[in-house]
Amino acid sequence: MSDMELYEGPLNVKEIFGRWLDEEAESNYGAYIPFVGTIRAEDGIEALSFDIYEPVLRNWFDAWQAKAAERGARVKMAHSVGDVPVHTSSYVAAVFSPRRRVALELIEEFVEDFKANAPIWKYDVVEGRRIYAEDRSTPMEGAGVLADAKLGMRNEE
Amino acid sequence: MSDMELYEGPLNVKEIFGRWLDEEAESNYGAYIPFVGTIRAEDGIEALSFDIYEPVLRNWFDAWQAKAAERGARVKMAHSVGDVPVHTSSYVAAVFSPRRRVALELIEEFVEDFKANAPIWKYDVVEGRRIYAEDRSTPMEGAGVLADAKLGMRNEE
Amino acid sequence: MVKVEFLGPIAREPMELEVASLAELSKVLFEEESIRPWLEKCAVAVNDVMVKDPNHPLKEGDRVSILPPVCGG
Amino acid sequence: MVKVEFLGPIAREPMELEVASLAELSKVLFEEESIRPWLEKCAVAVNDVMVKDPNHPLKEGDRVSILPPVCGG
């Protein structure tokens, strides 16, 4: 199985954590840091729901794997597609590294870059309806390129 | 059970991870970050071995729990006493927090402060003998207070 | 022909257009009322590779993805 | 009497001493050849509370722990 896993609905966090531990049991890594993201009960939501554009996510992940490898480390991730009820988990990201410093630095960079640039869209589920979480979403790196392209064209007219 | 656990020999990492997940399943935390420390095979060691002074460790941990609570978070830790063979784990530290930023900041601070100030002594085990890991050990905060006390006394003579 | 897909919350069917550049594409998209409000905040991938250069050319058979603001995790 | 314990790798049995301050304690300890090399690098707890003040007084029944350099994890 690839180091990037997508699942319909909530993640089986224990199975994922344990399997990743076993996969790297003989890899001689000294530090394993998973980040587990769980849906909080707030604002009366029943669940969050996710759309993912997998091809771009896979390219983003593969670039991260190469970046981690340069530092002797390895990353893994799992994410849900579709509805994930409150108090269940939609996201696990993990770093394995020989040493603790690199692991602590990478898990922070990996999780923050994921939040900013992974092509995933989040919706609140309220009374069975999906509402795009616009106020919590952020434009990806390179956003606005179409507006810039239009401007460039206008200047040439 | 308390949020600080000590075990003879290697940790059952999956059991600990899963139990902590279950303990906080209804606490409405959005982020759970465990740090798992595993013994690396290097320099021909068979195992590492640990001494712990539990009363001071417990005070250190309780102070950390209070500090985490001020930020709406919770910490847990497990550590081994005695011998821990290579490729098994001696240490799990974890942060639960409503939000990812606090969790990412706290896991780093918690693990680094643990490394610097938890009263735990590490030994390489080579051919069945315990050798104090002096070169990898660091003086705790406040180290040298006896030398300072002696100096103070001399000045008063 | 260039195929244009709108991802996530943008409720819009894919389009097939004869355009040779991002500039030409943006001209068409900014004229669509339902799409225009998204464009300032959207990133673009061509054949699943993120594109940050507004002068990026487009060729026959390219797939363009329009990616609105994200929030994984 | 004050009880003094040496933790971790310091191979030394506990001592019972009549001392009224860290200064008096340090005077005794610095005279012990097997202990002296450790002292610059050691931290001190009194009744399991870390002590950073070299003027800390000691009283009858106090337990002093001498903590050499650490490496948990």
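By letter and in written order, the chains are A, B, C and D; residue numbering begins at 1 in each of them.
Please note the rule applied: contacts are C-beta pairs under 8 Å (C-beta built on N, C-alpha and C of every residue); 3 or more make two chains touch, one makes a residue touch a chain.
Since we're looking at a predicted model, the values are computed, not measured.
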Partner chains shared by chain A and chain D (touch criterion as defined above): B
Averaged-CA centre spacing for the pair chain B and chain A, given as whole angstrom: 28
Where chain A and chain C are represented by their mean Cα positions, the distance between them in whole Å: 23
Chain C-chain D separation of Cα centroids, rounded to whole Å: 70
Sites on chain A at which at least two other chains make contact: 37, 100, 111, 115
Multi-chain contact residues (two or more partners), chain C: 73
Touch relationships between chains, expressed as pairs: A-B, A-C, B-D
Chain D residues touching chain B - in the complex, by the definition given at the top: 7-9, 21-27, 29-30, 39-45, 48-56, 65-73
List of chain B residues in touch with chain A within their complex: 13-14, 17-18, 21, 25-26, 28-42, 87, 98, 100, 103-104, 107-108, 111-112, 115
Complex interface listing, chain A residues touching chain C: 37, 50-53, 55-56, 59, 79, 90-91, 111, 114-123, 132-134, 136-153
